[in-house]
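Got some structures for you, see below.
Two complexes follow with chain A in common, the first pairing it with chain B and the second with chain C.
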Partner chain A sequence: MANLVWKSFKGIPLYVTLIWIAVFSLLLHFLDKSVLSFLGILSSIVLLYFTNTSNKIKLAIGALVLIVIIPLVAGENRYYMEVASQVGIYVAMALGLNIVVGFAGLLDLGYVAFFAAGAYAYAIFSTSQANEFIAGNLFPLTGDWFWPFLIVGLIVAAIFGILLGLPVLRVKGDYLAIVTLGFGEIIRIVFNNLDKPINITNGPQGITPIPAPELFGLKMGTPFYFYFIVLFVIAFIVLANIRFEHSRLGRAWIAVREDELAAQSMGISLLNTKLAAFATGASFAGVVGVIFAAKQTFIDPTSFTLMESIGILVMVILGGSGSIPGVILGAAFVTLLQVQLLKEFSNFLHSLQQSGIINLPNQLDPSKFQRLVFGIMLIFVALYRPNGLIPAKRKTNDLGAIKSSPFSSGKLGILSKLSQSSSTKQS
Partner chain B sequence: MLLSILPQVLVDGLTLGFMYAVVALGYTMVYGILEFINFAHGEIFMVGAFVGTEVLLITDAIGGLEGMNPYVALLMTLVITMILTGALGVGIERLAYRPLRGAPRLVPLISAIGVSFLLQDIVRFAEAIARNEFYLNTPVLFTGTVSVFGIATIPIKGLVVIVLAIVLMIALTLFIGKTKWGIAMRAVAQDPSTASLMTINVDKVIMLTFLIGSSLGGATGVLFAQNYGTIDPYIGFILGMKAFTAAVLGGIGNLRGAMVGGVLLGMLESLAGAYMGPLTNQAFGAEYKDVFAFSILILVLLFKPEGLFGEAVKEKV
Partner chain C sequence: MAILEAVGLTKRFGGLVANQDVSIKIEKGSITAVIGPNGAGKTTFFNMITGFYEPDEGEILLGGKNIKGLRPDQIATRGITRTFQNIRLFKQMTALENVMVGTHSRLSAGLLGILFHTKRVREEEEKARVEAYQLLEYVGIEHIANEAAGSLPYGLQRRLEIARALATNPQIILLDEPAAGMNPRETVEMTEFIRLLKKELDLTIILIEHDMKLVMGLSEYIHVLDYGRKIAEGTPEQIRNNPSVIEAYLGKSASEVS
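Up next is the complex of A and B:
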């Protein structure tokens, strides 16, 4: 019965979604500090995904919400824009990891290394740090250089991806997971200690002040601007993901994921295909790393720990590995959970503590629940929903449709041609 | 000067290496039977360290530790810890791994990563509630040192680690080699479906594997706490990674390999920690010793994935 209801469910009617958006934007506009209505607006994107209407209308409404409504009603509030751009950064990273884990099936536990590569690329050259090892006092660069460095970050991370991938991709499956984990840690330790013999990364002290992006003299240092930068990058990454998914390379990734041996025997070069996945995923992380560095204005190796890699992996797996809408949902959900819900909850508990109702040891502060939450999510997803919240749709070839198509005369492929030629000969 | 510290470096490496070896046994046993990397094994080691420390702290608090023979105290701690961590391992297998048997290979690994993080935070919570801090100092049972041929000194606690590790390894080897259950385990490792046709209860054997592996891991935790004094909920990750490296180095699935690999890795790491700094003129010092261990893992996987003692496996279609 429940199954029947689910099957006849065609999606949420359009007017429900529109009312939802209108109500929450008005709420957010009039109640300045309403976290709930902010979450309501963000979740309208999910609602939109399940709305029963054509993709073009969905896209138009989605763009309207993200580009116009959110900045309009929440733009003045620094905190909301900060949260929104943070969500965006993780969405972009998760989409990059989705190529590696979701499409190509390579469990990468050291993904944050590429993020670090991008972040350090911008940080080192945009501050006076680069003077330590490049003669001539050419640095720091101005914020105008942020834009070219988006490309530089992409290239640096892609090169990192290929260099790491070359040795690492020879091992497979669960070994690959451990080796990438090892490499992720190695890179973090190296960045942490590369203040000698030559001071490149300034070691544990980190690098600061990283300049904000500038465009024609306009300093874009506030979360408001970063929101748009991130949005632009996400649009690019989503587009790339969609284009890759059904391309020759994308189909090769999926073939490798499903069965390496079979893929190989169909003429797919394993190493090249995997390297391409590694480099593509890495390059997206690199771009995001540049944005991250500019947004934080300070970076040090503690931003690039294993926890970050696991966090991004949780986003991909929770959302549905290989599914683009799923990964976006997963990333948004996990980030909001971390930066907003847990923090709100811990503020709430703190207020209770201050009024003397409960006594809370510092270690039980919910904002430190990260590992617990990630752990439970990973176990539950693995046990009960291995395909994630929005599972990837599998493109299937309908054999019946092919057979009945005018191009097929009963037999498929080369056989149909053979039978055609033989029948023409007979006549 | 460099050579004069060599014996001491080797002795330290030996202590470390035996700890790696015992933890590596847990990885290798599970891998040998399920072909699955039990990512949470390092965390079981960590839980063992905490359980052992708590047992000692509680005994001390009620005044039981005073006047008790330190060897008896250690034995009591070990037994309690091994029972508890063994049960923990079996429980994890039952709840988080068994439902996933037959799933694609990466799914149980993801579940194991989840278990690992969960355990870290659970221990942190428990300690935060009980003691309001999560760094614990273990009561010291053994003080004093023994001289080794007059060229190096080894603390008694280090000697205890080595002796106990050897005892545990011999016991395990005898168990696997001589007993009925040991034979059943080897049969399941070779071919689970045939073994089950030979009236071997595969589920029970897998449970037993987790029981033994986890209790060994827990016992190592106790030894670690004794040897280093301070523990925190995050010690399991790095030690687990290194023990896994040791298992791979010796040939994963191979018990003897895990023992040799562990000792070898401990020695190499100790040497690297002591000599990398002086040899590279302090450019790359002891802070890179974890990098060194990970590099060994990567190198072994690349060039000799079957390890020192393992057999090369041809992939079947």
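Up next is the complex of A and C:
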């Protein structure tokens, strides 16, 4: 019965979504501190995804909400913009990991290493740190260099991905997970210890002050600007994800995930295909790393622990491995839970404690239960939505378009022999 | 002229000799069957030809060139393709996409081309889609083009696997028990279809099959393996009357009785 109702459900009517957006943006505008209305406006993106209307309209409304409405009603509030850009950073990373785990099916537990590679690439060369090992007192660089370093971070991380992938991708499945976990930790420990004999990463002290991005003399150091930078990068990564998913390479990734033997007998080189997935996923993490370094102005190896890798993996699996909207939702949900919901709940309990209503021991502080909450969430997802919140589904091809394609006039591939043999018969 | 030639192939797994000194010549445009009792080493032989196992001894010549030691994907691009005994489709992909995967090595789109969605990449994709659809039509399952491969009934999965193999544009196709699990009517259809493949598409076909009716009716030449060795070869008529083949299948006393 429930199934029947679900099937007849075509989507949320457009007006409901529009009212939702209007109500929450007004609420946020008038009640400046309302966390709920901020969450409401963010969740309107999810609502929009399930709205019953054409993709073009969805895209237009989504862009309007993200580019105009959110900065307009929440832009003056540093905290909201900070949360929104943090959500964006994790969304971008999760989308990168989605290529490795979701598409190619390579369980990578050391993903944060590539994030670290991008972050350190910008941190080292944008501060005076690089003077330690490059003669000539050329550094620090100005914030203008942030933009080319987005590309540098991408390339550095991609190279890291290939170098790590070459030895690691010889093993499969659980073994791959363990080996990548090891490599992820190795990279972090190397960064932690690379302050001697030559001081490259400044070791556990970390690197600071990393300059904020600058464009034509405009300093873009506030969360307001980072929000837009992150949004731009996400747009790029989502576009890349969509294009890869339905391409020669994306099909090869999924084929390798589904059945390695069959993929090989279709002429797909396992190593090249897996390396491409590793490098592509890594390069996205690298770009995000550069942004992260610039946003934090300070980085040290403790930002790149195994827990980060696991957190991103949770986002991918929770949202729906291989599903682009799912991964975005998963990343947003987990990040908000971490940075906002648990923290707000903690603050709420603290305020109760201060007014003497309850007596809460410090150990029971909800913000300390992040891992427990992750665990419980994953158990529930595994039980009730084993393919994630929004499961991946393959695009159905428009058969009419195929039939009317100009290429349909003749037989292609091996079938071209067919027309030859029939035409010789006729003559 | 032999298109494919296996010379003295031997494969050992520890103490077990799965194939010993197996030499088989395949004529271009022929239908050849490799038969033998369970565990005779037929699939091991297929796996060596397609590069999944590297032979311990011997050579594999494709059109006179040695292809031993190449990876399975390299062998696939050189024109040898296969289907599997226990169907191996990409279950989550649609039928059409499964066939499109087969065109992989003939497409050229790289990372950047895909990212920038160049005109060449778009055309190539469209062409691959059309080709995949035509192949589905050819094997008669175009009506399920958009269904997930894993959800198809068994018989259609078999056809889809053949369509996918054809998409690699092969010269030689190796069919590992194409009629396994089929009812008599489906088996007859499959026999007709394999014959059509040879005739219309100019393919060289090598098959492993247990259904003797299919083997005897379809193949022009038969090689018989038993305990990893080749014990006989010949036309269906010769094989039918070969005492060592009868012995391998039915045991010693049976051949003595007859």
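By our rule, the second predicted complex is superposed on the first by the 393 of 427 C-alpha atoms of A that agree within 3 Å, B and C clash if a C-alpha of one lies under 4 Å from a C-alpha of the other, contacts with A are read in each partner's own complex, and residues count from 1 in each chain.
To be clear about the criterion, a contact is a pair of C-beta atoms (placed from the backbone, for glycine too) under 8 Å apart; a residue touches a chain by one contact, two chains touch by 3 or more.
Note that the structure is a prediction, hence the values are computed from the model and not measured.
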What is the contact status of A:A177 with respect to chain B (first) and chain C (second): first, second, both, or neither? first
In the overlaid three-chain picture, which partner chain does A:K196 touch, first (chain B) or second (chain C), both, or neither? first
Regarding the shared-chain residue A:L59, is it in contact with chain B (first), chain C (second), both, or neither? neither
Which holds for A:L261: it touches chain B only (first), chain C only (second), both, or neither? both
If you stack the two complexes on chain A, which partner ends up touching A:I151: first (chain B), second (chain C), both, or neither? neither
Is A:L36 contacted by the first partner chain B, the second partner chain C, both or neither? neither
Which of chain B and chain C A:L249 touches, first, second, both or neither: second
Across the two complexes, find the residues of chain A that touch chain B and also touch chain C. 261
For the complex, give me every residue of chain C touching chain A. 50-52, 71-74, 76-77, 81-82, 84, 88-94, 96-97, 100-107, 109, 111, 114-115, 117, 121, 124-131, 133-135, 138, 142, 145-146, 148, 164-170, 200-202
Per the contact definition, I'd like the list of chain A residues that touch chain C in the complex. 240, 243-244, 246-252, 254-255, 258-259, 261-270, 276, 280, 392, 394, 396-397, 399, 402-403, 405, 407-408, 411-415, 417-418, 421
Given the complex with chain A, which residues does chain B contribute to the contact? 36-37, 96, 99-100, 103-111, 113-122, 124-125, 127-129, 132-134, 237, 241, 244, 281-284, 287-288, 290-291, 294-295, 297-298, 301-302, 305, 315, 317
In the complex, chain A touches chain B at residues 105, 107, 109, 167-168, 170-171, 173-175, 177-179, 181-183, 185-186, 189-190, 192-193, 196-197, 261, 306, 310, 313, 317, 361-364, 369, 371-372, 374-383, 386
